[in-house]
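Shared between the two complexes below is subunit A, which has subunit B as its partner in the first and subunit C in the second.
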Partner chain A sequence: MFDTALTANDFLFLAKGAGMTIFVTVIAVFFGTVLGIIFGVIRYQIGPVWAAPITFVLDIFRSIPLLIQLVLAYAFLGTVLRLGLSGLTVACIVLTLYTSAYCAEIVRGGIEAVPLTLRRASRSLGMTWGQDMRNIVMPLATRVALPSWIGLALGVMKDSALVYVVQVTELLKSTQILITRLQEPLLLLMICGAFYFLISFPVARFGGYLEKRWSND
Partner chain B sequence: MIEIENVRKSFGALEVLKGIDLTVSKGEVLTVIGGSGSGKSTLLTCINGLEPIQAGKITVDGIEVHAKSTDLNKLRQKIGIVFQQWNAFPHLTVKENVMLAPRKVLKQSKAEAEAMAVKQLTHVGLGDKVDVYPGRLSGGQQQRMAIARALAMSPDYMLFDEVTSALDPQLVGEVLDTLRLLASEGMTMICVTHEMKFAREVSDRVAFFHQGVMAEIAPPAELFGDPKDPNLQQFLAATH
Partner chain C sequence: MKTSVLTLAAVAATALTGPAFADKLDDIISSGTLRCAVVLDFPPMGSRDADNNPQGFDVDYCNDLAAALGVTAEVVETTFPERIPALVSGQVDVAVASTSDTLERAKTVGFTIPYYAFENAVTANEGVEMSTWEDLKGKTVGATAGTYEAIWLEGKVKEWGEGEFRPYQNQADVFLALSQGQLDATVSTVEVAEANVDSGNFPGIKIVDKAPMVPDYVALIALREDQGLINYMNLFINQQVRTGRYAELYAKWVGEGEPASLVIPGVYR
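Entry: the complex of A and B
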């Protein structure tokens, strides 16, 4: 069963695909989280009625399949607006917005989990809104939100496989290309899966480590 | 001096304070008693501007609390408040809980804030708990920590909002002892409480609130010894 046509070069080709997956994921999760925090705080702060337009837009990103978003964004930005963006740029933009939509919900939930009485206590000590946010709300909300956020990051990593539709050759696409050429789907998919695992596992473990460290009682 | 003039406060259609007039001078210990829903706790949250008022005026050392131009964050440094729920910041150690506001608000150095925290925590009898997380403390200890946290800001006034109500009975004593200690040191205090014995012992004056109105105010001997308001008479009969 180890009789394979897979060469070191092919393996490198897969590794490059994995690199692309990591790149797209890191960009999307980083900027998506920054945007998500901004949207989440705004939504919480101005209340559900005023936040309705933001909520509506975020809901669109959450409810339309990513594949469709990618194709439509690529067509719209490229063909209609003629911005001449590369597939990779479109992929990063769409994935970032997609991530931010989910992240905003996680952030809002985290903030809501911080008891109002704690915030009253900090404000009555003379702390400003910003000081309360930074020193009380953020650390406590982070603890609540972390497991969901890790889940989101891992989910985005796997969803990023869909960016092949805008001509980005990431891990899964690379695997498919090799499968077409070598006709060894089982072996290649196993290697591909192993790559995904190698990327996810440290992230999941890091999350577990943080959770443990933060559970002081 | 805290001056409260004809203060009215509503939550929606419900008027909880119906024109309160009250003056608390420096060094005075005022306790406020009354049934639940009498508006006594609401008054405290109005004094430090956590709640807006609909009419009237509250001034602290001449600064009008609810004026638009008032910097509430600055005013609150003068007015410490401790709530029924002690509201320990669970992600910070006892010492860090106390150090946080002095460092962030008063911009004290770490050493300065730490010295103050240890001093205040020792003062309330928690000198040996400075480095543990609040989750490891009993309710009474957490409440004393909350008192130390407020004291670390060197406030001129302390407001206590039923600070023993959420405690197990055997823990009430240690917190009341802390309040007695503060009173004996000349701190200006307004204590909303259900502890009649405590009110009788430490107060300069006791105010009785009933349905949003201050029905009677007098020195404890007089208020408990010869209550004039019929609602107060009923209240005292029921609590004895």
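Entry: the complex of A and C
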């Protein structure tokens, strides 16, 4: 089992793939969260009827498999609009919108979890809507939403494996390239799994730590 | 108001007619990149080197085509079933992927003239006296059961009425049997034969002759309507053979000997 043709060079190749996975995930989670907060707040604020168009669009991103979204977006942006975007750009755009669709739901759920009476009390004290949102809703909603958000971030990290269809060589694709060349699938998949674990474990632990710390005050 | 409508109409007209005039060939040249679909788990046509960069006959062919167009090549890895979808969905401009020019596929995509042909070779044990493929007559021969070459060999043995045919489970077993002298000769594609002789895993075997089977002609593919591009690539393939680059790539990736003739006897094109 330890008799392998894997070289240091190949490890570097896998590490590069892991770097790409992290890059795509960080971009998607960051911008997806920003957009998700905007969409979530808007949806909550204007009520379900007026928010129906936003809800509909976000539901599209949530219900169509990511793989299909990527292929269709790449074909549409490239062949129909002829924008000449790189696969990486398309991957980041699609993954960001996909993340924002889930994040909007998490944000809405978080805001709804803040008791309405508490918000009325804050407004009665003379706080503006912005002050109420920043000082009352945000701290409470963040605590409620954090576990789901960590779950979303980890999910997006693993879903990012699908961006290989738009020619982005991330961790899983690098592993497949090595499997084709070296014919050692079990060893390589174990290494790939270990890489994924190394990336997600700290994130999960950090989430757990925050949860614990915030629950005390 | 009138001017803005006119401007709008002009913009709309440019938007509509723009793509129609610039054909794919212009697009490739102006974009500066040629995106080729290449199958990279099919040595010696496509594989990856120790640094995991694409290499092989098809990769070099794509680079040559890009150089001829004065653009840079971008190799896009695809699998065999993904070649045509990648082309149709606009992920690549052409496929340099050992695609057999079947009439069925030609309904979907446009083929160039053949740029390579997979021929079959007779490989024999060194202890057996053989100089041409016809010496197979009366010998103990074998091949991987169910393959094109096995069916051909078995048919020949039956036709001659002498000798023996033995089917095997896989290619490695055939060459092992050949190396150990259980078989006198076998038939396989030239590429497989060359690779097995070169590998040194099967001592005591040699390539004797090419088998007179119809070669598997493979061509470059582009979208069916991109006639300008296909026209260019036809001339490019012609030039590759004329300048000796075809033989050079054959020697580099496949092995010694004459590369397969790309001329089909008795017919135009």
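To be clear about the criterion, the second predicted complex is superposed on the first by the 216 of 217 C-alpha atoms of A that agree within 3 Å, B and C clash if a C-alpha of one lies under 4 Å from a C-alpha of the other, contacts with A are read in each partner's own complex, and residues count from 1 in each chain.
As a working rule, a residue touches a chain if its C-beta (ideal position, glycine included) is under 8 Å from a C-beta of that chain, and two chains touch if they have at least 3 such contacts.
Only a predicted model underlies this, so the values are computations on that prediction, with no experimental measurement involved.
When the two structures are aligned on the shared chain, A:189 is found in touch with neither subunit B nor subunit C. Once the two complexes are overlaid on the shared chain, A:199 sits clear of subunit B and of subunit C alike. Look at A:118: by the touch rule set out above, it reaches subunit B but stays clear of subunit C.
In the superposed model, A:127 lies in contact with subunit B only, and not with subunit C.
Residue contacts after overlaying the shared chain place A:140 against subunit B, while subunit C stays out of touching range. Looking at the shared chain after the overlay, A:210 reaches neither subunit B nor subunit C.
In the superposed pair of complexes, A:38 makes contact with neither subunit B nor subunit C. By the touch rule above, subunit C contacts subunit A in their complex via residues 19, 31, 40-41, 47-48, 50-52, 76-77, 89-91. For subunit B in complex with subunit A, the touching residues are 48, 50, 73-74, 76-77, 79-81, 83, 85, 87, 89-91, 100-101, 104-105, 133-136, 146, 149-150, 153.
Residues 115, 117-118, 120-128, 131, 135-136, 139-140, 143, 214, 216-217 of subunit A are the ones that touch subunit B when the two sit in their complex.
The touching residues of subunit A, counted against subunit C in their complex, run 7, 9-10, 13, 71, 74-75, 78-79, 82, 84, 166-167, 174, 177-178, 180-181.
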